[in-house]
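Since the structure comes first, as C-alpha cells, the remarks are kept for the end.
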Amino acid sequence: MTKGLLGTRRLLGLAAAAALLAAPASAAEPVKIGMITTLSGGGSALGIDVRDGFQLALDEEGGMLGGHKVELVVEDDGRKPDKAKEIADRMVARDKVQIMTGIIWSNLAIAVVPKVTKDGVFYVSPNAGPSLLAGKGCHRNYFNVAWQNDNLHEAMGKHVKDQGFEKLYILAPNYPAGKDALSGFKRFYGDDVIGEVYTKLGQKDYAAEIAALRDAKPDAVFFFLPGGMGISFLKQYSQAGLMNDVPVFGPAFSFDQTILGAVGDAALGVVNSSQWNKDIDNAANKAFVESFQKAYGRLPSLYASQGYDAARLIASALKAVGGDLSKADAFRAALKAAEFDSVRGSFKFGANHHPVQDIYVREVVKEGDLLTNKIIGKAFTDHADAYAGDCKM
Amino acid sequence: MLLLIEQVLNGLQLGVTLFLLAAGLTLVLGIMNLVNLAHGSLYMVGAFICASVAGATGSFLLGLVVALPATALVGMAVELVVLRRLYARDHLDQVLATFGLILFFNELVRILWGPRALFLDGPSWLSGTVEILPGIPYPAFRLAIIVLGLAVALFLAWLTTRTRLGMLIRAGASNREMVSALGVDVRWLYTLVFGIGAMLAALAGVMAGPIYAVEVGMGESILILTFVVIVIGGIGSIRGAFVGSLLVGVVDTLGRAFLPGLLKLFLMPATADGVGASLASMAIYILMAAVLIWRPRGLFPAHA
Amino acid sequence: MAEPLLQVEGLVKAYGAVRACDGVALQIAAGQIHAVIGPNGAGKTTLIGVIAGELPAEAGIIRLAGRAITRSPVQARAKQGLARTYQITSVLPRFSALDNVVLAALAQQRHAFGFWRPLRREAALAERAAAALARVGLEAERDRPAATLAHGQQRQLEIAMALVAEPKLLLLDEPTAGMGPEDSARIVALLKALKGGLAILLVEHDMDAVFALADRITVMVNGRPIASGPPAAIRADAEVRRAYLGEDAA
Amino acid sequence: MRDLWPLALVLLAALALPFVVAGMDLAYVVGIATRIMIYALAGISLNLILGYGGMVSFGHAAFFGTGAYVVGILSTHATYGEPLTTWPFEVGGTEQALIAWPLAMLAAGLLALVIGALSLRTAGLYFIMITLAFAQMIFFFFVSLQAYGGEDGLSLFARSQAGPLDLGDDRQFYYLVLALLALVLFLKSRLIEARFGRVLQGIRDNERRMRALGYPTYRYKLVAFVISGALAGLAGALIANQTEFVSPAFLDWPRSGDFIVIVVLGGMGRLYGPLAGAALFLLLEEVLAAWTEHWMIILGPILVLLVLYARGGVWDLIAGRLSRRKAGADG
C-alpha cells in the first residue's frame, strides 16, 4: 500500500508515465490521494484510526470514492515535521497527488499545509486544526473536516458555566495547544478562574499539581492533557480521592475510545465534550459504527469518525465533478458545499472552511465491561470557531 | 505550611520511583561499566506484562509476581545475546547498540500489544487515601511506593555490603581476574546482576503503572530523568542514586508547585505562569549543572 | 652545593588508610641521575605521579628550579621542564613514531591552535623530532605506527618524546621493565649517553642498571625513604641490606 | 591522487543530478539529496568531536535545532516587521542568509561553549549522559517558547535570501548546500591535518599522555566542541530553509541518536564517512518505512549488528569484503 523511494519497478513505471504526461488526465484515471499520518512511535493510535476510518469508506465503495477509482498512498510521518514535509514534497512531485489528508498533529500541519495548498493541492484535514490555518493562514484549498482546535474547549467552557460552577481550576501543558485550550475555555466560561496552571509537556507525575489544586478548594476542574498525560492525570486524580468531591471536565481527547481502556474506572461518570459519539442518531453513523466494528473488531474512535468523514466529504466532491480534478473551482465549491451524510448529522463549512457544527456533552459510562461515552446534552448548536474573522480568502 | 509538607512528600515519592529505576541502572553502569539506554525499555516491558496479567486475572499482585521474573528473563536474554559482547567495547558502541534496542523493544511491544495505552490499576486495598496529617489525605498507593522504595534501598545496601554475592559484585567491578580465580564464572555473575537490574526496572514499571500511563515509549522520558539522577549521585553508587533520586524528585516537585507562585511576586501573572512553568521544567537540569560545577563526578563517586 | 633542580620535602600521598608516600624528601641537582629503589609497593610510582602532577599531594612541597609547583596542573609542570615516561608504555598508538615525537615537540610551542597549515609540513618541528628519534636509535622506524613497534622500541620512543621537549628533569618509571637483556642494555647505554645533559629521576628494579647509572640513590620502603646517598654508601648501608638488598644477596 | 577519483566521481554525479532528473518526474530527488547533504553536514560536525576527538556527545541535536531556530526567529521578525528588541537599540529580523546563517552558527557555537565548558569537566559515561540531559533542557526551553510557536514550531514565510540566488528554487538551494558541504569538507580536511587537528586526535588516542606532554587538553576539546556546535548550527540553518519550518522536534533526543548513527555508519574519524552514513541512514529509513510501518523493529537490530560486526562502518565493511575476496583470489 505504501510506496518506497527506491522501488525500481515504480521508478521505471514513472519514467514511462512521464512520456505520456503530455496527455491530459482523463476521468478514467484513478484520483490520487496522499495520506501522511502517524503510524509509528508515540500517538500512532490516532493516525491508525484516521487511516482505518478513511480506508473503510474506500472499501465500502470497492476502492472508489464518489464512484471514481481512487489510489490511496499512505506514508508514515513518525511525528517528525521535516519528514512529513519531505513526504509531502515527494507526493506532490512524484505521485502527483491532487488531494492530501491524514495529518494528526498541529505542528506537522503547519509545516506541510501552507506549502502544498500553495502548490494547488487540496488538503482535507481529518484532525489537526491549528488557529493559524483557521485565521491568518487560511487557504481556499484547505478544508478541515474535524474541528478548529479550540472547539471542544469552548464547548466545555460553556457547559461548565451553564452548570453554575463558580470556582474553576484549569490546567493544560505548557505549549501552544495548551494555551489555546485554556483561552478557548475561558472564551465561553469567562476569565474568572481561581487557578490556571501550565504543566510540562509529557509530564507523568501530577502529585504536585493535584496537591495545590486541593489546597485551592475549587468546585470544578477543567483539564486538557492529551495522550498519556491525561491517562496519568486522571488515575492520580482519582487516587487522590478527589473524583467525588470535585468533578473534572475535559475535551473528548482524554475520554476517547483509544484511551478510555487505559484510564479505567477512574474516568467513569466524567463529563466531556465532543462533536461526535457513537450514539448520535442517524443512519450514516449507525452504519459507520457497525461496519467499523465488523472490519476492525473494535469500537471506532473519534479519530476514526473523522477519517471516515474526510473520505466521505472527498467522495461527495469527486462525484460532483465527475472525478475530474482539473475543474479545480468546481471541486472546491463541491467540497465547500459539503453535501454528504456526515456521521455527525448536520454539518457545514464556515467561510474559513472549518466546520460549523453541533458540539455535544457526553458522559463516560460502562456498557457491559466496556467503558464508552453516552451523549447527555448539547453545548452548542451550529458552532463556528473564533478565528474565522481573521481569514481573508 | 501543610501544603509544603505534602509537596515535599510528593517529591519524595517521585524520587523513590526514580530510585527504583536508577538503582538498577547504576548497578549495571558501575559494575559492568555498561551504559544501557534500553533500561527504560525493561521498565516498559515490566509494566506491560503486569498490565496484561492483571487485565486477564484481575489481580495486580499476580501481575507483579509474573512481571518481575519475566522481565528479569527478558533482561538476561538481552544480556546473553547482545550486551555481553559489549562489555569490552567503548561507551559509544554501547550507546549505539542499546539505542537500537530501544527502537526494537518499542516496536515489538507495539506489535504485541497494539498502539493503545493499557490499563493498570493497583490492588483495591491500596486504592483509598490515608490521612497522614489532619487535612491531608494521601493516596495509599503512593505511600506504598515510598515504603517499597525504602525497602529496596535497604535490601540493596544489605546485598552489596553483607552478602557473598555483593562481595563478588564489588570485586567483579574492580578485579575480574580475582573473581575468576575464586572459581566464579564472571560471565554468569554479570548475567545475574543484569537480571537483578532488569527486575528492579520492572518493579519501577509495575509500581508506576497504576499512577502513570502504560504506553509505548513510557521508558524514554523517565530514562533521561534517571540519567540526571545518576550524574548527580555518581555512577555506580547505590547511595548516590538514592540521594540523587530524592533530590531530583523534591526539586522537580517543589519547582512545579511553587515557582510560578514565587514569580508572581515579581512579574505579571500571565508572564509568571509561562516563565515559571518553563523554569520548573528546567529546574532539575540546572540542579545537575550546579552539582557538576561543584563535583564533576557526582556527589558519591564510586570509583576514584 | 648550588640550589637543587628538584626539591621535594615532606611529601604525603595516601589512598584511604594506606600512605603510599609518607614524608618523602628528595633533592636532585642539575645533570644528576637520581635513582629511587625499593620493594614493590614502596610508593615509587606514586612518587613519580605526584611529582609529575597527575596525583595531588596531600602535604609537602615540590620545587622545580626554585619555584613551587606543588599545586600546578600536569601540563603546566610539563611546560616548566618536566617530562616523564610511564611504567606501562604510553604512546599514541595510531600515530607514526615521528608524529608521536612531533606532537611532543609541538607541546613546547606557545599553543597549537593552527587550523590551516598541515602539521607534517612544519619542517622545524619535524627536524627536531627526527633528531630526537635518532638520539634514541629509532630513525629507521620513523614512519611506522607506534602500535606496531616492539615493546623495547616503544620505550625508546617514549624517551624520545621526553627528550625532544628538552626537559630539565626527566622522570623515568622503570624504563627497562619487561625487557630482555639486550633491550635493557640498549636503554642503559642510551641513558648513559644522556647523562650530564639533564637531570633524571629513575625508578628501576634492575640493580645493575641502577648502580651503573645513578649518581645518588634513595631507598624507599612502605612510602618512607630509609636511606639516601651515593651508590657506594647505599651498597654499604646495613639497614638497606637488611630491608631490601639483603634479600637479593641471600 | 588515486584515492581522489571516487570523490571526484561523487562530486560530478552530485553536480549533474539536478540536470539528470530535470526531464523526469524525479525532481523530488533533488529535495531528498539536499536533505541527505544537510544531515551529512550535521554528521561531519559531530564527527569532529566524536571521530577525531573521542567525545561521545549525545546532545548534538541541541545545536542543530538552535541553528534552525535562529533562522526561523529572524525570518519571522522580518516577515512581520516586528523588531527583535528595542533596547538598547532597535534590532530587526532578517531574511538575509549572509546575516542569519552566521548568526545561527554563532548562537549554536555559544551554546556549545556553555554546555561544553560544563560537560567537558567530566568524561566517559558522565559526558554522554550530561550532554543528553542538557540537550533535553534546551528542548524543553523551545517547547515552552510561546512567542515562537512552542511545540507547534514556526513556519517560515520563505527561504533565506542570498544575493542573486533564488533559494526558493530547489535546484539553486541544492547547489548552495552542495557548495557549503564541499567548503566545510575542504576546511575540515585542512583542520584535521593541521596542528589543532593532530593534537585533537592525539587527545582522542591518549589524553593522559597528551597532558603529560604539556597540552592543556580541556581547552583543545572545548574549542573542538564549539566548532562542532557551530557547524551543527549551520546544518540547522539549512534544514530550516529546506523544510521552511522549525520546531522543537529538531532537538528531540532521538535525533541526537540519529546523528551518532550517521557518523558510526559511515565510519568514525573518516572525513567522508558522514556522507555515506547520512545517505545510507536516510535511504534505509525510507526503504524500511516503505516496506512496513513496523520498520523500527528492523532498524533497531540493524544498529545492533552494525555495532557487533561492522565496527568501522560500511566503508570498512565494503573494503574488508573486497580485500578478503582479493586475498582469496591470490591464494
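A, B, C and D are the chain letters, set down in written order, and residue numbers restart from 1 in every chain.
Heads up, the rule we're going with is that contacts are C-beta pairs under 8 Å (C-beta built on N, C-alpha and C of every residue); 3 or more make two chains touch, one makes a residue touch a chain.
This is a predicted model, so every value here is computed, not measured.
Counting only chains that touch, the fewest steps needed to get from chain A to chain C is 2.
Averaging C-alpha coordinates per chain and comparing to chain B, the farthest chain turns out to be C. Should one ask which of C-D and A-D has more C-beta pairs in contact, the pair is A-D. Separation between the centroids of chain C and chain D, computed from CA atoms only, is 44 Å. The mean-CA centres of chain B and chain C are about 47 angstrom from one another, to the nearest whole unit. Here the CA centre of chain A is 35 Å from the CA centre of chain B. Counting partners per residue, chain D has 140, 143-144, 146, 294-296 as the residues that reach two or more other chains.
Residues of chain B in contact with at least two other chains: 106-107, 110, 274, 277-278, 281.
Counting only pairs that meet the touch rule, the chains in contact are A-B, A-D, B-D, C-D. Across the interface of their complex, chain C is touched by residues 190-191, 193-199, 201-202, 205-206, 208-217, 220, 223 of chain D.
Here chain B touches chain A in the complex through residues 3, 6-7, 10-11, 13-14, 17, 106-107, 110, 114-119, 121-122, 127-129, 137, 139, 141-142, 208, 210-218, 221-222, 253-254, 256-257, 260, 273-274, 277-278, 280-281, going by the rule given at the top. Of all residues in chain A, only 2-7, 11, 14-15, 17-18, 21, 39-41, 75-76, 78-82, 85-86, 89-90, 92-94, 96, 106-107, 110-111, 114-115, 130, 132, 137, 174-177, 179, 200-201 touch chain D in the complex they form.
Within the complex formed with chain D, the residues of chain C that make contact are 52, 54, 73-75, 78-79, 83-84, 86, 90-95, 99, 102-104, 106-108, 112-120, 122, 161, 165. Residues of chain B that touch chain D in their complex: 29, 33, 35, 82, 85-86, 89, 91-93, 95-97, 99-108, 110-111, 220, 224, 227-228, 230-231, 235, 274, 277-278, 281-282, 285-286, 288-289, 292-293, 296-298.
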